[in-house]
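Two complexes come next, and they have one chain in common, subunit A, joined by subunit B in the first and subunit C in the second.
== the complex of A and B ==
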């Protein structure tokens, strides 16, 4: 009757006067999106498989059918003529919104979701600006659904997206609808809280302000957020995210859709970790050791001094961080080659793994760093034999590893100790020169995820003090070493230029383009060859 | 307190009527196991056996406790949350302990017209409770019920499994005394 769904042949239909051909297994709501018509929706979510058609707000008129149809669970048919905004459809939608607003507290001025609330939007769109209800509103109160998630029952419209996310995507049937009818609310088992590692997504799928993160509660209004496309740095999956900032502070991370990486989801570790980890003492100006003390100085003087000292270095060791961007790792490798240090190691913090069953590609992976693959690609070796050994009397150059848990006297005997990083740990303070660089959130660049997918992130924050992207600092050092800094060798000044230099010099990346990496990333051509130990830690040290 | 099955329904109720005993184990007894197997044998899936087992807990304990929901969930391979979802959907599973005499006063239209509100008021006064509350001695819980299907004999009152018909406020004391005289 509906044709063979597997072969998904094309069918033509007309939506609001626009002719379109789509595969026969497309729903009307999806087909409408393809012609640029966004039919209102609450219970429908593209990432949640079930289509209960229970919110009734996506009703559309289909010619030849006696009643309005829910566009989310009706498949397209040849010759269908759909009107999403006919008088009948609009009036039905208006009634749905009016009923949803019967017990709604209209507390938009103090609601976290105001500004990105689908109830607010559609109420305004359907001109439901006054209530015809004279009775008292039902007051339900609020509940703690999880350690970090609050549920405002009065705002809830029982679309059950959260319940179905937990049931169908997280496959953890711990969230349910309790009671029924106008008394229905979302609940866990009495006394239990939601502890699934992907529970934060229920806040994202909530079309209204019923489920909110306590971390974000009353922190900011949606309109005041600056939103930046980025990549989650908390494990090697590299979920695409949006970083929301207010006044140069990260207030939350939201997943950004990428069907190849994380679909619409991300894990709770990722949501929290960046905000928590972006603390600690930062170097804000270049620091040079003079008469045994670290003295702040300007960039020009610092780079000239470091370049001079590097000329004298011939042997030593290198340590990098898997949190550094591809471009930074590339220029660090170039610098090391120039001064004659081979190899180099990095350590990857390990953590517990978690899989999202409904989208198994999305995992919280054991490697708690975004760019271990990138570090391997640029010739650095994974090292998990405990702490980094002391360089003794050799030279040592460090890129972005915080040297956190090393003894205070680590590196004190080194002939030359260069620290290019963004944390001032006791060991880092033994450096002869500390060049302050940005965190990934303060710069533009790329990471390579566990399967060799190169993904771009954008600058979300202003750098701390004089900190600059590591690739910029390192490229400048390289050019000073090559020509004394008289301008003969141009150092890149844009991330895109640094990327191009890297791609030309790195065979495994040869087929990448800055523009085509875009917002969704691109896989390296020969992933297997390029990233031999993408996931499994190398044995020994 | 033994219960009587009306002959007209006896044949249709192969696994019903547990003695109410709030302290009895739900499944850790011969009767409990027998009941569980009898119910499971009648349904195509374990999930489908949820309602009768909630009903069993309600009959046995007078209400469905958290522990009851957890042990039912375990037996049926469901999450406790799902069991709670279903139990809370239906108003006739009690979610709180009830008194030994569970008094349901019908206040739907026929009974209402015949003075059900006065009957209800009298029951509450005599037992010293508010609707849904259990008296301090654990004897009585009085609630307002939807239609008991005895419109020809309004006001209808159901006490545990017994019907009392044509109840007037004047008869309330006598009915309550009869309950106590019943030895319970």
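== the complex of A and C ==
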């Protein structure tokens, strides 16, 4: 929040009657936030460096100044006395809203942003609910500004957050303000195409409904969305995201601020990929091979049967997926140890890389999986040599790898083939037992990102059918193998319990606590003090 | 060929002395008229001495705001380590103003000389002359003069063998009023949209290309050679203590002899309008005057006895602005005139601040509606309220520029508005 905390000296000022000391390079709007006062803002965005002070909604009164001052653009000074809600400041703010609405179509009933619109919010906050406008409104229409993004010019308030995000953070001069005055609108630079891999962020920074993702258009009302804090599973960066769902369907991903990982941003690949991965054929009940056929059954019977068969296994191979959670990988490793299979491999899909120049830590990384580091941590080896080899007559146990590109007869000769996963590919159908498990979105757990940051994700969706988190299934199997399932060895029933068992048994994770991982994650082997619920500077109300 | 705007009366001719003489445009013609002598004097002076003389002369910025020029130069940092720039603001766009155009058109070398002296004073090695986009014929004359001056060694490396170097670049704008605002001008000059920026940082601290910059109006710079050559006392023989010197008056509107007249500051406005320009034609009465270009408050016919100094015009409730009185006779519908002014500012708003972007257009729309006979009495209250909302809340003063004439016309010609609203009739004859 305060760049250069170490070098800047502290200054004391008074904001709305509250004394506060902040570094001297803090802007008034940020200092106000530190005392709990959220000054309205449009053009100011904490993740975009420039402060043009052009929306004029953050004007505040500063004693000794003849005119109201834009709080985003003014740095704090020793002894400054700021009134964010003086009569003049409130009147100016209200007037800004009235003027913004002069040519605004007021099409909230069909606007995607309704309910999370900073124009709506401030209109209610300032009680600017009736207009004196008695003239015809200007109609500008809409435009396709990128392959997947629409621009509704009439709703636009020309805060230029999108233009400045592209210019200053993505460092791609694709967007401009075209025309001027009341005829101004956002457009692509003549001849340029907005195809930047981070362009989706312009929709997020838009404080109103001017920029809209076409694949979300008219899909859901904001107030019907369930929002879940999660981690993007599409590459090893592990961007913090919010998964928005409606009726158990993922409708969009939004970046969630984390100054250590992705700031306020995420890439477009991540946004789209998860929605696509919603699809595909899912096993919804445990399937056991009887008389050559896969027969659905209940969990109790399936686990008992699998445990019995596993007792006979002595040698074999293991395959895991870097999409599995840490807890699942841990219990899979525990199970393998128990039955005497060593090692195990995983494959990581590779893709093109992209970097966000304004926040270079945020990259779409070549490793298109969220938890390759976790898999390595639990003793599985990265395997880059093409397809997994056929187990032949040995036993094989698979965790969550979809076995998608393997020949149809893969694993057919195996002495025992256990498939713990959530996809029904032809190879997976050769298993003796298919135990259906949840995707990451249907469970709670943790991933370890490319730099060893352990991050929690929450459950966003109801599981498909009888699918259960893999760690839960595997922990039950372990306990059945240990004592026959008499309850002597308690299997965890909560992700937090599974996590605690894991960190106690895994030396590299010994420093971690479920609570301290929080919503922001924690680095392995790092002494950085975790701030479980640190507040990020607000983008909007 | 006599300059078409010469007055019959005995008038001061400092800036306009050689206007109307085509030979003055050429370097040889200009040298015959004593050109570039002041530059020679300035080259023998230290930068701060030049600034000091200009400070003593009391010269004030002719672009409208009237800020003391010497003081502005004094804000520039003294050290020579960094590049400094001078921008000559030749983006003359204020409706009613046509003085800078005349200076550049007739005596381009006068301005170039002023630029060079000012550049030396502020330790600038490069001058950008930002010319209004529509001034094609003017820029042709100016370019020719710059080329000649370069060839003769008045511009470029080691000016006149002094060891001091200064370049001049003529830059043609793309046609935006707001490029005449100094920060807007600098944004445009750097290749961006002509969007003003918040001050601070002031140009003297951080102007074009991040370097200390001074922006001066054409007429200001054209006044400098005379001051340097003849001294500050010479300049102070005209005008008042606070507003010394002479000024070009761009008189337009309903006048018998509209035109560009150079007069010393302080001549009563009524004298300019009635004696110099011959008053309204066809025996009509003057109804209203906007004295300083369209962004200054209206004066009624009864208020014209004011002294045309910066302080005198302020005392009269208006502003000297660019000294460009637009005179409207009794046949003028002031509502219509105001609507046209508002439309201009709505068209020219850069669109950054909402007050200006939406407010100016809304004002124009309301005025248009009243003009069309659909006005209501409450519109007057709305207009007054918009005046409040548009004042002092934006990055630059373009929004204030529409408020000045609007508020004064509401105050002084309310009958015009009421007549349109209540009777759908104009009070103009």
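One rule holds in what follows: the second predicted complex is superposed on the first by the 515 of 541 C-alpha atoms of A that agree within 3 Å, B and C clash if a C-alpha of one lies under 4 Å from a C-alpha of the other, contacts with A are read in each partner's own complex, and residues count from 1 in each chain.
Simple rule for what comes next: a residue touches a chain if its C-beta (ideal position, glycine included) is under 8 Å from a C-beta of that chain, and two chains touch if they have at least 3 such contacts.
This one's a predicted model, so the numbers in the text were calculated from it and none came from an experiment.
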| item | value |
| --- | --- |
| Partner chain in contact with A:150 - subunit B first, subunit C second, else both or neither | neither |
| Which superposed partner A:189 touches (first subunit B, second subunit C, both, neither) | first |
| Partner chain in contact with A:285 - subunit B first, subunit C second, else both or neither | neither |
| Touched partner set for A:99, first subunit B, second subunit C, both or neither | second |
| Touched partner set for A:229, first subunit B, second subunit C, both or neither | neither |
| Comparing the two partners subunit B and subunit C, which touches a greater set of residues in subunit A | C |
| First (subunit B), second (subunit C), both or neither touched by A:108 | neither |
| Contacts of A:180 with subunit B and subunit C, given as first, second, both or neither | both |
| Partner chain(s) touched by A:70 [first = subunit B, second = subunit C, both, neither] | second |
| Subunit A positions touched by subunit B in one structure and by subunit C in the second | 176-177, 179-180 |
| Residue numbers on subunit A that touch subunit C, as the complex places them | 52-57, 59, 66-68, 70, 73, 92, 95-96, 99-100, 102-103, 132-136, 138, 157-158, 176-177, 179-184 |
| Subunit A - residues contacting subunit B, complex | 172-180, 187-192 |
| Subunit A contact footprint on subunit B (complex, rising order) | 66, 69-70, 78-85, 88-89 |
| Complex interface listing, subunit C residues touching subunit A | 176, 178, 193, 195, 197-198, 346-362, 365-366, 369, 376, 378-379, 382, 389, 392-395 |
